[in-house]
Structure formats: structure tokens, C-alpha cells
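Each structure below is given as C-alpha cells.
First subunit A sits with subunit B, and in the next complex the same chain sits with subunit C.
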Partner chain A sequence: MAENKKVLIIGGGMSGLTAAIEAAEAGNNAVIVEKTPFLGGRVAQLNKYFPKLCPPNCGLEINFKRMKNNADVTFYTLAEVEKISGEEGNYDVTIKVKPRYVNDKCVGCNACSEACPVEMPNEFNFGLDKTKAAYIAHNQAFPFTYVIDDRHCKGASCAKCVDACKYDAIKLDMKPETVNLNVGAIVLATGWDLYDTSRLDILGAGKIQNVVTNMQMERIASPNGPTAGKILRPSDGKEVKNIAFVQCAGSRDENHLPYCSFICCMASLKQATYLREQYPDSKAQIFYIDIRTPGRYEQFYWKVKDDPNVTLTKGKVAKITEDPSTKDVTVEAEDIIAGKKIKAKFDMVVLAAGMVPSTKNSKISDDISYTPDGFVVPSSLKKGIYAVGTLKSPVDVAKSVQDATGVAIKSIQSARRSK
Partner chain B sequence: MEKKYGVYICKGCGIEKAIDIEKLSKNAAKGAKVPEEIVKNHAVLCSPEGLELIKSDIKEGTNTIVIAACSPRVKYEEFDFPGTITERVNIRELVAWSQQPNTEEAQMTAADYLRIGIIKVQKGTLPEPNVLEDLSKTILVVGGGISGLSASLEAANAGYQVVLVEKEAELGGWAAKLYKEVPRQYPYEKLDDPIIFSKIKEVESNLNIKVFKSAVVEKTEGQPGLLDVTIRNNGTSETIRVGSVIMASGWKPYDAAKLGYLGYGKPNVITSVQMEEMAKKGKIIRPSDGKEAKKVAFIQCAGSRDQNHLPYCSSFCCATSLKQAKYVREKNSDAIAMIFYKDIRTPGQSEIFYKNMQNDPGVLLTKADVTGISDAGNSSLFVEAENALLGEKIKVEADLVVLAIGVVPSTRAPQEYLDGLTEAQKKGDVAKNAYLETTPKPEFILNLDYRQGPEIPSLEGAYGFADSNFICFQYETRRTGIYAAGCVRQPMNISEAQLDAAGTAMKAIQCVEHVAKGIAVHPRAWDITFPDPLLIKCTACKRCTEECPFGAIDEDEKGIPFYKINRCRRCGTCMGACPERIVSFKDYSVDMIGSMLKSVEVPDEGLRIIALACENDAYPALDSAAINRKQLHPSVRFIPVRCLGSTNLVWVADAFSRGIDGLILLGCKYGENYQCHFVKGSELANYRFSKVQETLDKLQLESERCQLIQIAISDYDKLPDMINDFVNRIEEIGPNPFKGL
Partner chain C sequence: MTEQIIKPDLNFINDVISSGGESLKKCFQCATCSVVCNVTPDDKPFPRKEMLHAQWGLKDKLLSNPDIWLCHQCSDCTAYCPRGAKPGEVLGAIRKLSLQHYSSPKFLAKMAGDIKYFLLLFAAPVLIFLTYLGITGKLDFANVPKDPVKGIVFSKLIPTTFFIDPVFIAAAAFAVIVFARGIIRYWNDMSRNAGTKGGNIIGAAISAITEILAHRRFNKCEVTKGRSISHILVFYSFVGLAITTTWALIYLYGPIAMKFLGMEPFKWLLGESPYPLTDPMKILGNASAAALALGILLVIFNRIKNSAKAGIGSYYDWLFIGIVFFVMATGILSEVFRLMDIAGLAYPTYIAHLSFVLFLFAYAPFSKMAHMVYRATAMIFAKQAGRE
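Let's look at the complex of A and B:
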């Protein structure tokens, strides 16, 4: 195959996977470069999708199966692009691959993790629990190969995992590698990070134990999360019966994120159903500026709104405080329709935190223009380079998939142009 | 291909500790009638040394391979032996990791699985693709608005021929009627000129695109690659062969005549569409007297978000009104624009445009529910509203009112007509004929020759939008090779429609490429197998034609089915439907699965239960339960199936006549928000099961012995208990009375 029929996809989340697989299924060759040890990105961290409330791992499983059956999709994990040069049809790319310390002989038996004496915060669960330094993110992770986190691993002086592994799969002396590729087109699909809610002083994130982010809430509700899907609050593991959602936590705020993060209204409505389904006597209150449920999502909004145990209050939250003895959380807000102040106590508060493009903090390439908020300016991209999904503006999974599928044909056009 | 067998058992990952490998090897040879010397084992079969064992046998001619090791979901690269029939037998997850080690049960489970695997390869043959002749790779695009034009260009620029059919005399659709567009780029300050005219030029000068204007699709017959489309154009019809279709037939504004309560009908109340026309002509005026409008009120959600009108949000009207407010302000700096809204919906970065507009002191935004428009004298109007901030009722004067009119997909009218027809049909022929005579037939778009209906169907509760049922797969369609783009699918703005169009163009070209290679399209987008019925035994019962979810089977005048194989998604629903059991794939057949489950050893004491598991969701859930080292009940044997829709009732007889005590089907959620990627596989299986239950009762076999459990891939934590519950119920019922007969 001519090299120019090769497309590089930076980012192995839903957008990247989609772009790669779609292009490959039309006969092109796709290489995914993913920064973390596993594919699936943010989608793998979600409990359910809105509005269908179906499990995201179902779609990931299909996509992984499509990849397994298609030799034209390959991937590097723990890998980042260091340098891009050239032009459409002929881009030279330098990729730095960090050591996994576990090779392909890994069988996924968990012995290394059992032997590992080091505990570290579980990033997959946004620090809600701990994991070993030798670990796998979750039981449907792909690739199903363990990894050793060298920021925490004690190295050769410990090596208990090496002894525990019967398959000669652990190599603590693994070194970073550099891979050079020549590709015809490049898709930027590095996704998004959650806004750092600790900057929202008045909302108590990071200080009040029972104030969590929306992404943490996904993990709490997930069967493969820190509480095996039981919605329990972090401070004392008590069942959450009374919850508040604070919309636009960072978003639509000139001092934080001036844009709307698109997904948070639907996410909070969805998360209210998690709680309502698990505890029939539970209550949820959502504080919002505008409820944004475009298109047919409106129907989901109506369904949740119809639940008498869900209250929607238009108004900005002014202050969140903690009762030091009970660890309950008090929310002070203004109900601007009723024209009164509200002060109410909750078991737990979820901040519907905003979406920050990954390019806000780590620029992919210097010759791309970004908005002050870090979004890629699409018109600034060189020919043969395409940005997808949340790098251009906050969008949900459905829109990311649409965009990523479309980007696949763009990469095919690049290949054709440079024939 | 003459089969030469090799059976390889892995001892690693705890397998050797859980079961006696020697015993398993002997048992395999005996039970499955293969020579003992071909059964080999290795400490770590996936290691280079283990793989060498297999590869050296392949060099010696072994071509039919059974690997008893881990789940087929892992080590797929290692155990990939092109040109062979290879079957993975999962004795790691389903035995070593989920059964009590060193028990008689664990040993029997492993022996059953290995025997099942050997029988599977004995019954299977190596598939070859079925490539039809005279295939076309041309893409048909229906609709020449922004979506259709974009889709045409995307496909054409990827090297494909395109036929574009536009109903109107000119290309451009609604986008060509706009004065300006909402800003496309940061800082979202300046309105953009419409992009559509450059698109029209590009299309008209593109040699790969053939444009039909003032044309409609009269009929679409055939299957992907061989779709014969009859296009009527200026009174003449011509038929063109295409490979796949993009339906970009767009939307219509909601019928404003139904919005009398918002003043429509009064001279100075216009829709947002009329506002564009006016702005394009020049000044913003009051139609009643031609004077410049000084106070323009915009009423959001005119039709949208209203149970009595459109129960969805039309997505782009908020940004449109903000844009039109800018028209008002730019054309006359003395004029003010007032926007009455329920919620302002400017998701993503369009929020920045909203912010910019908020900063204009001549743009006033008020949250309120508009209750009516009344006359204020002198052709001016009052906007009356309630539930404004602080719960107030308000009354504001305006000299022009603009209704931000909602979106209705062009598929809505055909869908409603067809829904009505279905209802009438249920009441009998008289009602049906009366319906056909009295109901005006709306404009159909594709006029597909398709058993399940002539258009891309709308989902339940989708109000005619031809949307995908799947979040992960936005272009998963129920009409193979036919994809919907733009507002016919979801309400969306121009930029979104362009992206969406590119997505459908991708799927359309992928479809023709797959068909050219004889590969299925999504979701089994690697599969070269296909259903191949032994028609000599067909009784023309038509069940396969009726149950195929994708209209891939039609029947001739004698009622004998024939396949439009390029529509087939390889789910095996036809195989499950066939009472004569004559539909087979090379690697999947009624006889194969039947033989596999008949090979399960039925113990004299204790229960034996078979579970057929959907391979996309239920099977990975079993794996995941095992990875968490959850115990799976030792009485149950799990057999993966392509889709529960492929479950043939004869398997029930096969199982019970052998003395199996219970049968569980593990499949996807069905009904509204169904999760089956073959539309209704699990639902059909459940339907068939309900039929068989009567037979079971006749045989004095309790119908509770058969049960379908709807599970999702994420239910792995609950699954073992669900299975235990079923086993407990069977225990209460007692053993199968046919046991030992």
C-alpha cells in the first residue's frame, strides 16, 4: 500500500477510533496514537449514554471487534506525537512511545497487580479510589494488557511483579521508543479534559468531600467504578438520597469558560436518573441557567422533569458549604423565577463541570491557530490535517461520531489528491 | 478442503490448576471422535514456543484448528492463522476463572466446551465471499440543499461518481434563502455570507457529479451495488444504476397556520423564514404599511418544545433569532430587537455569539412563555407572556413579530401516512382500502422497493426523523446502503449539516467498497460469510422473508425466497426463522449449533442447562464476570450466537430431547430504545420462544424451562446471579423427564 494511503489519528477515544476504523473499512490504512495505556477515551469512563441510557462499552466492544478483524487499523498506546513535518500526502511524524513495562506476553491474569505493593490514586476513577502501580483500567479495557505506572512504581528494587508474572511479560528496564511514520493525512482527535473545578472556590470542589464532578459521578455509578455502581458518597460511603446538580460549573462564565460545554445539561438529567433508579426514595435538584437539550434530547428532559422527585431550579448557585460534623453539603442559590433565595442541604453535590479542549494545555503543533480557550481554529489547519469533535467546539458523543466519520472521508480525499 | 485437525490445549493462566489436562485431552479425543495424537497441550500456548507448536503443524498440513485457551476476545493476533478454520474454546474465562478448581464440574465443563469446539470446526467450512456482478460504485444523493451538496462533493472528491437529484428547479435548498449565516468562527462577531453559493458552483463544475434538477426519485429497486433508481425529470423517466444512496431531503418549516395563538395570520407577524427573505431584499419593514420596523419581537420555540406541536427542540432557532436580531440592529441602529425565550440554547462555542449579542444594548432577551399576541392599535402588536423572571406577567409592544419556526423533517409526512396505513391494515382490508382512497398520499422521497417500507423508517418517538438508533453509530441504518444526512435525520445547523453530510458520504463509499469485495457492511463489517439456503427443501413458508430485519429476502411467484445478499447484515435471523432448517452460513448453521448443544454431556445426576449468548454483549459480559472471578453456575454451558435472532426452535427440541433441563437465551434489550444491532433479534427470539412454550406444555415439559434474559454488556456483575436464579427455578421444577430416555 502506498504510504500516502496511510492516515495518522492522534487520540484513541471515540472520535479517533471512529475516524480510524471508518477509513480502514474503506481500504485505507489507519494508525492510532493514544496517550494513555488504553483505548476508548472518555467514553470508556461513562456509565450510560444519554438519552438511551445504554452502556457505552457495547459500542466500544463493536469498534474493538471491527479493529480486531481489520489489519488496516493499528495502534500505539502510551504514545504521543512529538513532531509533524511535511505536507498533505507526505507527512513525516515522530512518535514517542513510553514504556508500558509489560509486553505482549501479558495474559491479563492480574498476578502482577496482586503482587504490587504500591498503591496510587486511580486516574480512571478520577482519584475516587486507589489502584496498584501495576494495573489494568477496568475489566473491559482494550488492549487487555496490564501496564506499570512508572511515576509510582519502585522499579527494580521491588520487582515483586516480575517474580509474580509467570509469562515473562514484565520488563522493568523497558525504554521509551521513537517511531517514525510517513502518512498522507493526520486527524487530530485528542479530545477534552474536565475543567479544573478547584478554581471554582465558592463551589467547594476539592475542599468539600461530598462535592464531586460530573465525571466522578459517572464513575461512582459505573459497575466497574470505585463503588461497583452503588451511588455512595465519598466521605462516609453513605447512600446518596438527596443530591444537587450545579450546572455550568465553569462554563458560560467569563472568568472561567466563556462557552457552553454542550453535554452537561443532558449529563445531569441522565445522572439524576441514575440516582432515581437506584434509590426510589431519592431526590434530585438541578440548578441551571438555561436547560439545553437540543433536538430530540428535549424528550429526555421532559421525562426527567416529570419525575416529582426531580426539581429544576433556574438560578445560579452562590455558595456551597460543608457541615463539618455530618459532611452534608449546603447549597445556597437564587431561584430567579420564584424570586427567592434557597438554602438547602444535600447528601452530595455534583458539579456539572465544563469541557476543556485537550489543546488548551497541550498544543499539538505550533503552526495551528487556537482560540484563547484552546480550541483549534479549523481554517488554520494545513491541507491534510483535520481536527475532530471536541477540539473544535464542545460536542457530545453522537456529534463526535458524525464528525469523525466525516473526517475519515477527508483523509481519503487527501490520499487521492496526493496520488 | 480436506480437513486435517489439530487440537491445542493451553495450561496457562490457571487452567492447569483448575482441570486435569491429561483427562481433558483423552476425553476430547474420545467424545469428539478425533485421533488422540492430534490433541496437544502447552504450558503457555500464546507464547512464541506455544504458537510454534501450532505453526509447525500448519506447515505439515493442519488446517482445522481448535484452541482451548482464553476467550476469543483476547490474544486474537496470536491465534490468527489465515487460511485455516480456527475455533477458540474459552476454558480460561468460562472454566478456570469462573468454576471451582479441581472439581468434577469444572472438568466436565471444560470437556463439554472442548467437544463443542471440535464439533463446530467439523461442521464448518472455509468461507468465500459472494461478489455479485455488474456492481456500481456510483453514489445517489437525494436533495440539493447544503447536506446534499456537501455529501455530493465529499463523495466526488474521494473519487466516486455522484448522481444528485433535486426536486426544485434550483440547487441550494433553505440555505440559499438565507441573507446571512450565524458566525462560523471565533470570535463569532461578524455574520458570514452564505456558503451555499460556492457549494453550488463547485457541484455544478465537478465532472464527477451529474445533477438532475426539478427531478424526483420514482422508484429505488435492488440492493447495494445494484440499486436501480428511476428518476423522473421534466415528464420523462430514466433509470440509473447506483451503489448506495444518501438521503438529504431536508426539512420544512412547521406549518405556521397552526400557530394562530402566536398571531400568525396578522399582517405583522412573520416566520423566521420570511424574515430571511425580507432581510435579503433590504429593509426590515412592517408588511402592513411598509414602514421600517423599530421594535421587533422574536418568539422562540414557535411550534418547537410544545406537546401540541413539535415535542422536540429545533436546535438552531435560538442562534437564528440572535442572527436576525443582528439584521435588525445593523439595518437600523434605532431599531431594537426583543427575544422571548424559554431557554436560550446556544450550545458549544455558539455561546460566544450569544454573549456578543447580549452586549448589544439594543438586543433585549427575556425569559418568558408567550401566551398570545394581541393588537395594540395602528397595526402594532402586544406580546403577552407569563412566567417571566420573578414569575411576572408581561405585555410588551412590538411593530413586527418574528416566529422562530420549528423544523419538520421531510420524512415526517410519509412516515405519518405509512403509520396510518399500518393502523388501517390492522383493522382489515376494508379499512385499508378506505384509508388508501381517502388519505392524500404525501411526497415520498426514495420510494424503495423494500418489504419493510418505502423509506428510511423513523424510530419510535422520533417524529419522522430518519435517525440512527445508536449513539456510537450515527449512520447505522435500517435500510442497508441508504444513509440519511442533515435535517432529515436530526435538527441541525448548516455547519453541522456539512459534517453530517461528510459522514454519510463516508458510509456510502464504504458500502460500495464492501459490496465489491463481498463483505458485509456495519456492524459485521469484516464478515465474508453469507446465508446460503438449500432451496430444494424450502416449503415457501415465507418466515425468512417476513422476519429478515433488512429486507434482504424476497420471494418469487411460487413463494420461494431469494436473497438480495448485499442488503444482508449476516445476523442469521433467517436461519433462526426457518422451520426447515435449510439456511446456513459456511461457519454457522442450524445443524452446527444443534450438534454443538447435542454434544453437551448430560449427567445422570444434577442439572444441565444451555445458555445461548449474544456474542456482542452477553458473551463479553460473561468474560467480564470471569475476569472479576465471579463464579458462573457449573450446570450451565454457554454457547455464543451471532444474534439471538438466529436462534432456531429446533435447538429447543434438540436440547430437551437430549435431556437438557433448561435453556436460557441471553440477549439485548428490546422494545423502545432497543439495543440489538440487528433491530429485533432478541425480540424475535422471545416471540419464537413464546410459541414453543405451548409445545413444551403439550409435552408436559414446563415452559419455564425456556427463558430469555435481556442483558447489557455492563450487566456482568448481575449476570451470575440472574443465571443462578434461573438454575434455582429449574431445580424447583425438577429434572427433565426425558432424561435418560
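Let's look at the complex of A and C:
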């Protein structure tokens, strides 16, 4: 029998972790390559996720525990694949690993961050607040090792963090490294990005402070988010008592994303419950073209619909304006059932923005075919290379995990066909 | 809600599709269009409901609906439509069908909207003038005498008083009668559908006309902003040319009338054309022609420039634009060739000019020219019914 080679997983989000751990638990060596400094991907940024509406750490924490107990899973963070060559069972992969500037001695004490004089937009919170250039994304981050962002860090001329670190964990002279691997199979799990809502000029185009995206709303509602889970609006920190959700903000629109992003209706229904549970006197209004709740999710829709403080209005929002003095937000839509234009004022508005496959803007390699929207065409993949989850079509976490579990077995088969 | 019996007219759906509304079926009723539209009323806004009615073939609801004319085809709806359903183009197609519905005889309405019949329609005015030339033996333009002082004089080719004016008066009378019948039917249908008692029509008319003169609705367009300027140019050049024509009639018939009354004609009544370029009437006429040239070229330029966002338009649109363009071009060239004293070019160009102008006049109630009458009527109706 041929040698049973490694499986390479590109992307350390929920799908990538699942594929890696499932393959490793079946006896294969799995290597995860993650672009950002931490594993967990988009799920780590959610407040709660379907189907059980548990916080992300119930799912991620279990996976991290499985990883720690299994020596067959290894990972690189701040790493990107530069080159893939070869064939099924025998792929040579070049990986570029950027320096973290913090080594394993880090205990996560936060002293470096306190000492760091440089502030930068907090990407993990979608720019809702700021973080230091020496930081950790959130209190449950994995690995729990700080990182220094060299796009903002002033380097050796500052080095205040080096002085502050009692554990000799910060090395500002770390250099990028190149890692070469030979693997039997490759799993593409680079996930998705949120559609850039600043392209939606009639919806405020990212210029109105109290218009946030659905992912920002997840961060606002998250206990480890910028407001520690209190739903407060960005402009003045006022409690949000009256919220609007704008469905299909970019999705199902040939000028933006010509497909349904699958998750946004459920996300808005879920986020309406965040608000309703936090403030009993709050009101939520969801403006939609069609509410799409695939399969059993329909029951969740009924539950939210039964709440008298939640209004569902058929009619797409096509104008959003700001009251410059109060920063309240006015949305305009046609209530199709009543046949009337409505202009309603809200404390905050959430744009239910759609999913863009990460391969829309950063192609993995040239010999893969993509749809015009950037999704990977699975049939165009070479033997031994598999794509999972949102790279192929917009899907939710549960479907991504199912897909990744299935792909784990496919990749094991490819790894065993090694030459 | 009261029960309604829906009577879909499947042929009507096909008519909308073949009249420039081929994108109709793409609409999925999201209502983006009604919201981005700056000229719709807030109550029962358009064009979302028109898209649904058209998809369902509800002809009666659409043809006698004043809203289709409150629309100025800004195309903001078309630009922001997430499905490429082009509501602006669909409403344009519905307006065409409404015009055809209210104008009679029906065969002329049908011919004016179909490219197949263009040559046949155009042949009629051309033949009228060629026949006259044939009978009088002037077909080769050789026997047309020149005036020793004025040079080329078009009335020596075809006499204004004995031929041109009777033909045009007949054409204008025909158009006025067709228009009158059409708008009376249209008004009655609108009243019946709206179920409202008539409001203050005089007040509504004054308000609608001032709105039209100021192009206030046009100015609310966003995607096709420049259209207001080109429309103002074309609109006021037509006003200028109407004044010029009346003025010329006074010059021509004033002395005749005064002589008939036994009076000595005033000196400033110049009689037969052509008139000197320094005459105020001529200055107004030439200025109007220049404005028309600039306006119609801007119309064409804007249409092409905006076509990606607003759609390229239908045959019906382009026929009207084309005829106005050729009226302008042949008119200006006739005058230029006359002044340059090139008879071989001046006479045929003048015949072409007469033909295009007669086309515009005689078919006005069936072509897009009719928009001015129907839009004004719909705006007056909407205003008196309190629909702003």
C-alpha cells in the first residue's frame, strides 16, 4: 500500500477545522493554513448561531479541544499558500508564514497591549472600535497568543511592548518563513467575506453612523464585542429600542450579488430576538422581498412572527437617510400589501448584507474555474482538491460542517492514493 | 377587501413585451422602483403596481391609469432595479399602447407603432407633394422661376396659399379631432376607474401647465439628469416655431385681409416669404431652429449615454426622435441652400422638409408626439383628483 500522506486544509474556520479534525481522527495527518492570526473564522465573530442558537464557543471550543487532544492536527496562522503543484496523492505546496512577533512564551497577560501606543481599527469587530497594534482578537481567541500587526506597529524605534513583556515573548525581528509540504490532498476552506455595503449608495453607502451590517450587529450583541453585549448604537451609545432590518442589502440584485445569500433572513430573525430579549419594550421591523427560511428553519420564523413587537413588512428598502441632529435613521420602502410608501424612523438600522466567497477577490490558483460571482466550480478542481461550504454556494454553519465532514473522507481517500 | 374578478388579457402582455417592455417578466415585485422614484405619489405609488398589472395582463387598469403619464421615464427605477426588469421601459411601452388605444382610426395607430409600416406611412406625405409637382410639371425643378431680387423662392415651387396651407390645415384639423376624441374617452375612463367626482379642473390645469412649462417633474430625475435641459430646448423651440409660423401667417394673409377690407396694408406686413434675415420673425425662427438642433442632438446623445442604465428605448421612441431630427435638419438645410442659391439642393431638401413636417402633424395623435397631449391631460386629471 502506498504511503498515507498529509491532508492540507486551507482556511481555519468552522469548515476547515471540521475537515482537519475529522481526517485526523481517522488517522491522517492534517495541516491547517490560516491567513489571520487566529483560528475560528466567521463563526468566532457570531453572537449565536443556528441551528441551536448556541454561542460560537460551544462549537469552536469543542473543536479546539479535539485538536489539542490529537497530535495529528497541526496549524499555521498568518500563513498563506503561495504555490501548489503536483497531482492527487502527491501535491507540493509552498506556504508563506508571516511573523507574529510574539512567541510561545506569551501568557496572554495583556501588558504589551497596554504599553502599545498605536491604535488601529479593530477588524475582528468590523471597525466598530479600535484595538492596539499589539493585541488579541477576543477573550476566547485560539491560539491564545498575542500578535503584533506590522502594518501599524512602529517597530524597533518604539518597542514599548518589548519592555513591558515580562516573559521575553516579543521578538520584533522575526522574519517571514517559507514552509514546503508534500501532501496527498488539499481542502479549500477559505470561506466568505461580507458584501461591501459601501457600494449600496441608496442605503447610506457606509456613511450613516447608525446603519450597521448584520455582522457588525453580531459583534454588538456579542458578550466579547465592543459593547460587551449591550445593544447600543454606534453614534452615541444610546440603547437601541427601535431597529429596522433591511433584507437583501446587495443580495438578489444583479447590480451587486445576483444570488440569494441564504443566511440573511435567518440572521435578521435571530438578531431581532437579540434585541427583543435584551429590551422587553423594544420594537423590530424587518423589510423583505421574501422571507426565506429553508427547511425546518420555518418554525423559527413563526416564533419570531408571533412576537407582537416584531413587524414584517413586504417591500424592499431603497432609501436610507440620517437626521443630522439626532442621528436617527429614516428608511423608505413601499409597503406592498398596503400599497403605500412608508418613511419610518429608527434608532439603528441593520443591513442584511450578503455573502461573497473569499475566492471572489483572492483566487486560490489559476487552474480553478470560478463562477462570475467568484464561487469555485467543483467540477473544475483537479483530483485530490476539494472545496467546502461557502466557497461553492452560500450556506449556513450546519451545512458547512456537514459538507466538511463529507470532504474529510474524500480527502483521506485521495491521500491514500499517494504515489 | 372586496372580491375582485381578474380578467387577464394575454395578448396585452405580449403587446407590452413587443413594444419595448421585453424585460417585464423579470420583475419580482421588490418595490425598489417605487421607492427610488422621485415623481410618484406616496399613496399607491408607481411603477411597482404597474409592473404587476402588466405581468397579469390587466389592460383596463393600465391604459386608463393617469399614473403611466405622471412617470417621466427618469429611469431611476431602471438603474436600481435588481432584476433588470426596466420599469421605465415597460411604462414607456404601456404609454404607447394607451396612446394607440385612445386614437382612431385604429389602423393608423397600429402602423405608427410598427417599423414594418414606416415606408408606407412616409410615402403618403411625399406622394402628396410629388403629385403636385408632377401635375404642374415641376418635378425636375427646372421650370421654377427665381425672383430677381430674392433669388430662390419656395412658394414658386409649391404655392403656400393655394397648396401648402390647405394641406397642413387639413392635417392639423384631422389631428385635433383625433386628439379631442381620444382625450375625452381617456378622461371618462380615468374618472370611472378612479371613482372620484371631478375636482377643480381649471385650477388643476393652471397648476399642471405651469409645472410643464417649468419642467418641475423632469428636474426630479436623478440618473438621467441632463434630460431636462434637452427637453426644455426641444419644447421651447417648438413653442418658438409655433409663434414664428403664426407670425408668418400674419405677414402672408395680413395684407390680403386688409386689401379685402379696402385698407392700405401696413408696411411691416411683408407679404410672401422669404423674409430678410434681419426681420424679428426670422430671427425668432432661426433661433428656434438652432435651439431645436441643439436640443434634439442632446436628446440623442443622452439616450445613447444613458442606455446602459436606462435602456436604449423602443422603435416608437426613436421614430419620434428621428422625425424631429429630420424636420430640424431638412429645415435648416433648406434655408442654407436657398441662401447659397443652390436650386438643385434647395428644392429637394424643401420637399423633404415639407414631408417630414406633414408626417409629424398628420400622425401626431398616433406617434409619441401625442405624449404632450396625454401627459398634460393625465397631469390635470391627477391634480384635480388630489393625486400628487
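To be clear about the criterion, the second predicted complex is superposed on the first by the 412 of 419 C-alpha atoms of A that agree within 3 Å, B and C clash if a C-alpha of one lies under 4 Å from a C-alpha of the other, contacts with A are read in each partner's own complex, and residues count from 1 in each chain.
Just so it is clear, a residue touches a chain if its C-beta (ideal position, glycine included) is under 8 Å from a C-beta of that chain, and two chains touch if they have at least 3 such contacts.
Keep in mind it's a predicted model, so treat the numbers as computed, not measured.
Novice: Putting subunit B and subunit C on the same copy of subunit A, do they fit or clash?
Specialist: These partners fit in the superposed model.
Novice: Now for A:332: first (subunit B), second (subunit C), both, or neither, which partner does it touch?
Specialist: second
Novice: Please name the chain, subunit B or subunit C, that touches the greater number of residues in subunit A.
Specialist: B
Novice: Identify the partner contact of A:94: answer first if only subunit B is touched, second if only subunit C is, both if each is, neither if none is.
Specialist: neither
Novice: Have a look at where A:341 lands relative to subunit B and subunit C in the superposition and call it first, second, both or neither.
Specialist: In the superposition, A:341 contacts subunit C only.
Novice: Hey, in the superposed model, what angle do you get at subunit A between subunit B and subunit C, Cα centres, nearest 10 degrees?
Specialist: 120
Novice: Per the contact definition in the header, classify A:315: touching subunit B only (first), subunit C only (second), both, or neither.
Specialist: second
Novice: Which partner does A:365 contact after superposing on A: first (subunit B), second (subunit C), both, neither?
Specialist: Neither partner.
Novice: Which partner does A:223 contact after superposing on A: first (subunit B), second (subunit C), both, neither?
Specialist: first
Novice: Between subunit B (first) and subunit C (second), which does A:302 come into contact with in this model arrangement: first, second, both, or neither?
Specialist: In the superposition, A:302 contacts subunit B only.
Novice: Between subunit B and subunit C, whom does A:252 touch in the aligned arrangement: first, second, both, or neither?
Specialist: Once the two structures are laid over each other on A, A:252 reaches both partners.
Novice: Minimum C-alpha distance between subunit B and subunit C after superposition, to be given in whole Å.
Specialist: The answer is 5 Å, the least C-alpha separation in the overlay.
Novice: Let me check the overlay on chain A: which residues of subunit A are in contact with subunit B and also with subunit C?
Specialist: Residues 252, 254, 336, 339, which sit in both footprints.
Novice: Mind pulling up the subunit C residues that touch subunit A in the complex?
Specialist: 28-36, 40, 42-45, 48-49, 80, 82-84
Novice: Which bits of subunit A are touching subunit C when the two form their complex?
Specialist: Touch residues, subunit A against subunit C: 202, 248, 252-256, 289, 315-319, 332-334, 336, 339-341.
Novice: Along subunit A, where are the residues that touch subunit B in the complex?
Specialist: It is residues 14, 22, 25-27, 43, 47-49, 52-63, 65-66, 68-70, 104-105, 107-109, 139-140, 144, 166-168, 222-224, 228-229, 251-252, 254, 258-262, 290-299, 302, 314, 336-339, 371, 373, 375, 377-379, 393-395, 397-399, 401-410, 412-413, 416 of subunit A that touch subunit B.
Novice: Contact residues on subunit B for subunit A in the complex?
Specialist: 12-14, 44, 46-47, 70, 73-78, 154-155, 157-159, 185-187, 304-305, 311-315, 343-352, 355, 367, 387, 389-391, 461-463, 465, 467, 469-475, 490-492, 496, 499-503, 505-507, 509-510, 513-514, 522-523, 525-526, 616-617, 620, 624, 627-628, 669, 673, 675, 677, 712-717
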